[in-house]
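Sharing a structure, written as C-alpha cells. Questions coming.
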Amino acid sequence: MLQPIGDRVIVKVKEEEEKTVGGIVLASNAKQKPTEGEVVAVGEGNYAENGSKIPMTVKEGDVVLYDKYSGTDVKYDGEKYLVLHEKDILAIVK
Amino acid sequence: MLQPIGDRVIVKVKEEEEKTVGGIVLASNAKQKPTEGEVVAVGEGNYAENGSKIPMTVKEGDVVLYDKYSGTDVKYDGEKYLVLHEKDILAIVK
Amino acid sequence: MLQPIGDRVIVKVKEEEEKTVGGIVLASNAKQKPTEGEVVAVGEGNYAENGSKIPMTVKEGDVVLYDKYSGTDVKYDGEKYLVLHEKDILAIVK
Amino acid sequence: MLQPIGDRVIVKVKEEEEKTVGGIVLASNAKQKPTEGEVVAVGEGNYAENGSKIPMTVKEGDVVLYDKYSGTDVKYDGEKYLVLHEKDILAIVK
Amino acid sequence: MLQPIGDRVIVKVKEEEEKTVGGIVLASNAKQKPTEGEVVAVGEGNYAENGSKIPMTVKEGDVVLYDKYSGTDVKYDGEKYLVLHEKDILAIVK
Amino acid sequence: MLQPIGDRVIVKVKEEEEKTVGGIVLASNAKQKPTEGEVVAVGEGNYAENGSKIPMTVKEGDVVLYDKYSGTDVKYDGEKYLVLHEKDILAIVK
Amino acid sequence: MLQPIGDRVIVKVKEEEEKTVGGIVLASNAKQKPTEGEVVAVGEGNYAENGSKIPMTVKEGDVVLYDKYSGTDVKYDGEKYLVLHEKDILAIVK
C-alpha cells in the first residue's frame, strides 16, 4: 500500500479500452494520455502557516479529472499510478 | 456532475451562434475563442494560511467574463467545459 | 453591468479627442494607448491570509492613472473597458 | 492632485540645472536620469496579511534617493512625476 | 550518524540487484536510478510562520518513493545516501 | 544625512590603501571591489505580516562583510556609499 | 570574530590532506571542493511572520555537510570561511 505525503493523492489511471479487430488487441500508439482516474490513497494534508492541518477534499474511491501534464508516474507492485497534489486535481466526477 | 476542487469554477462556454447561409451551418474556423460563459459548478474555496476557508464570490448560474488564455478545457459527458480558478475570472455579468 | 472579482476594478478608458480637419474625424494610428480612465465598477476586495477582507481604496467615479501595459481589455455591450487589479493603479486623480 | 495607491509615493524629480553658455540654455542629451526627488504625495500604505495597515515611512516634503531604474514615469498637468513603491526608495535625505 | 536539518530526510538508496550471467556480476550501465529507499534519519521539521514547528510525517525505517530527480547525493562513511526534503517524497510504502 | 528605508543599511565602503611608488599614488585598475565597510545609518526595519516591526541586528558603527555583488551604490555629498538590505549582509566583524 | 546575520552560519572548511610524494606537498588541482566543515559562528536566527524569532538548529562546534554549490566564500584574518544559510546545510555529522 502507498501512503501519499502531504496534500498528495494517488490515482489509479483509467485505462482506455483497447480496440480489437477480430479478437486481436491493438495497442494504439496514438492513445491520448488518460485524464480521469480513481483515487486509491489520500495524504493527510498540508500544514497552514498557523500550524493547523488543511483538510483534504477528495477521498478514496472518488473519480477525478486532472490535467494531462500533472503529477508523477509511479510503478508499484506491477501497477501504474499517478501521484498528484490535490491542488492539481480539477474536479471530482460525481 | 463535476465538483471543482478548491477555488475552481466550471464554466459552460457560450457557443457563438453559427452563421448559416441558406440553412447550411457554416463552421467558422476563424471564430474567436469565447470569453463569456455560465458557471455550472463552484468549488468550496481555498484555505487561508490561518486555516479558515475563503468564501467564493461567484455562484452557479452566474455569467462570467474571463481572459481567453485562462483555464483548462475539459470534455465531460459529451460537453465542453472550462475549469478556471476564481481569481482568473474578470467579472460577473449582471 | 459588470461586477469585477476580488481586487479588480473596471475602468472606462478616456478616449482622446480625435483631431478633425475640416470636420472630418481623423483616426490617428499613432495615438498612444490611454492611461487615464474613470472607474465604473469595483470588486469586493481580496482576502488576507487571516481570512479578513482587505478594503478597496478606489471607488466608482474615481479617475485613475495606470501604466499602459496593465490590465485586460474587455468589450461589453459595445463599449471598451479595462479590467485592472487595484494594485496596478498608480494613483487617483483628485 | 494625485493620490497614490497602496505603498506608492509620488516624487517630483529634481531637474538638474542646465548649463548655459552665454545665456543660451543647453539641453544636455547626456544628462543622467535623476535619482533624487521631493515627495509630493504618499499612499495610505499596504495591508499586512493580518489585515492591519502598514504605516508609511516617508512623508510629503521628504527628499528621497532612489535607484534610477525604479518606478513609473507619469505626466500630469504638464509636470513629470515618478511613481514609486516605498520599498524602492533607498533613503530619505535629511 | 547524520542528523538532517529542517524538514530533510536521509534515505539509504535501495540498490537494485545485479543480474548475473554464469556467476559473473554484470554492472548494468542502463540501470535506472533507484526511486525507492529506506529512511535512516529524519529532521526535526520546519517552522511555520506562526513560530510553531511542523511535525514530520515520515519516520526512521519507513520505505519511501521519490522522484528520481529529487534530493542531493551525499557519501558518508563509505555509504551513499540521498538527502531529500520531506515534501519531495511522494509516498510511504506500507 | 541619509536615513535608509525599511531594512536597509548604509555602508561607508572601506577604501583599500593605494600603493605608492616613490610618493606617487597609483590608482590600481585591478583593485577588487571592497566587501567590508562601516555602517553609517540603519533603517527602522521591515514590518512582519502580523503588523509588528522586525528589529534590526546591525547598528551604526558596526563593520560588516557583504558579497561584492550586493546593494546599490549611491553618491551623496561627495562621498560614495553602498545601500544594502540587512539580509544581504553576511556578518558583523567584531 | 565574525557574527553572522539572520539564519547564517559560518563554517571553517575542512581542508583535505595533501598527498605528498617523497615529502613534497603536491597541490592537487583536481581536488573536489570540500563539503564538510566545522561551524565556528551561528546567527541569531530569522524572524517568522508573527514577529517571533526562529531558533537555530546548528551550534558552534557542529560538523556539518553542505552542498558544494552553497554559500559565499569569505576571507577573514587570513583564513577562508564559508557563509551559509542554515537551510542550505544538509545534515549535522554526529
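Odds and ends about this structure:
Lettered A, B, C, D, E, F and G in written order, each chain numbered from 1.
By our rule, contacts are C-beta pairs under 8 Å (C-beta built on N, C-alpha and C of every residue); 3 or more make two chains touch, one makes a residue touch a chain.
Listed by chain with UniProt protein names: A, B, C, D, E, F, G = Co-chaperonin GroES.
Computed from a prediction, not measured in an experiment: that's the story for all the values here.
If you average the Cα atoms of subunit A and of subunit D, the two centres end up 53 Å apart. Measuring from the averaged C-alpha position of subunit F to that of subunit G gives a distance of 24 Å.
A straight line joining the Cα centres of subunit B and subunit E is 42 Å long.
Each of the following residues of subunit C touches two or more other chains: 48-50. Judged by the touch criterion defined above, the protein chains form a single closed ring in which each chain touches exactly two others. Order of chains round the closed ring, starting at subunit F and going on to subunit G, comes out as F, G, E, A, B, C, D. The residues of subunit C lying in touch with subunit D in their complex are 35, 48-50, 52, 54, 57-58, 65, 67, 86-87, 89-94.
The touching residues of subunit F, counted against subunit D in their complex, run 1-6, 8, 10, 41, 44, 47-51, 72, 74, 76, 83.
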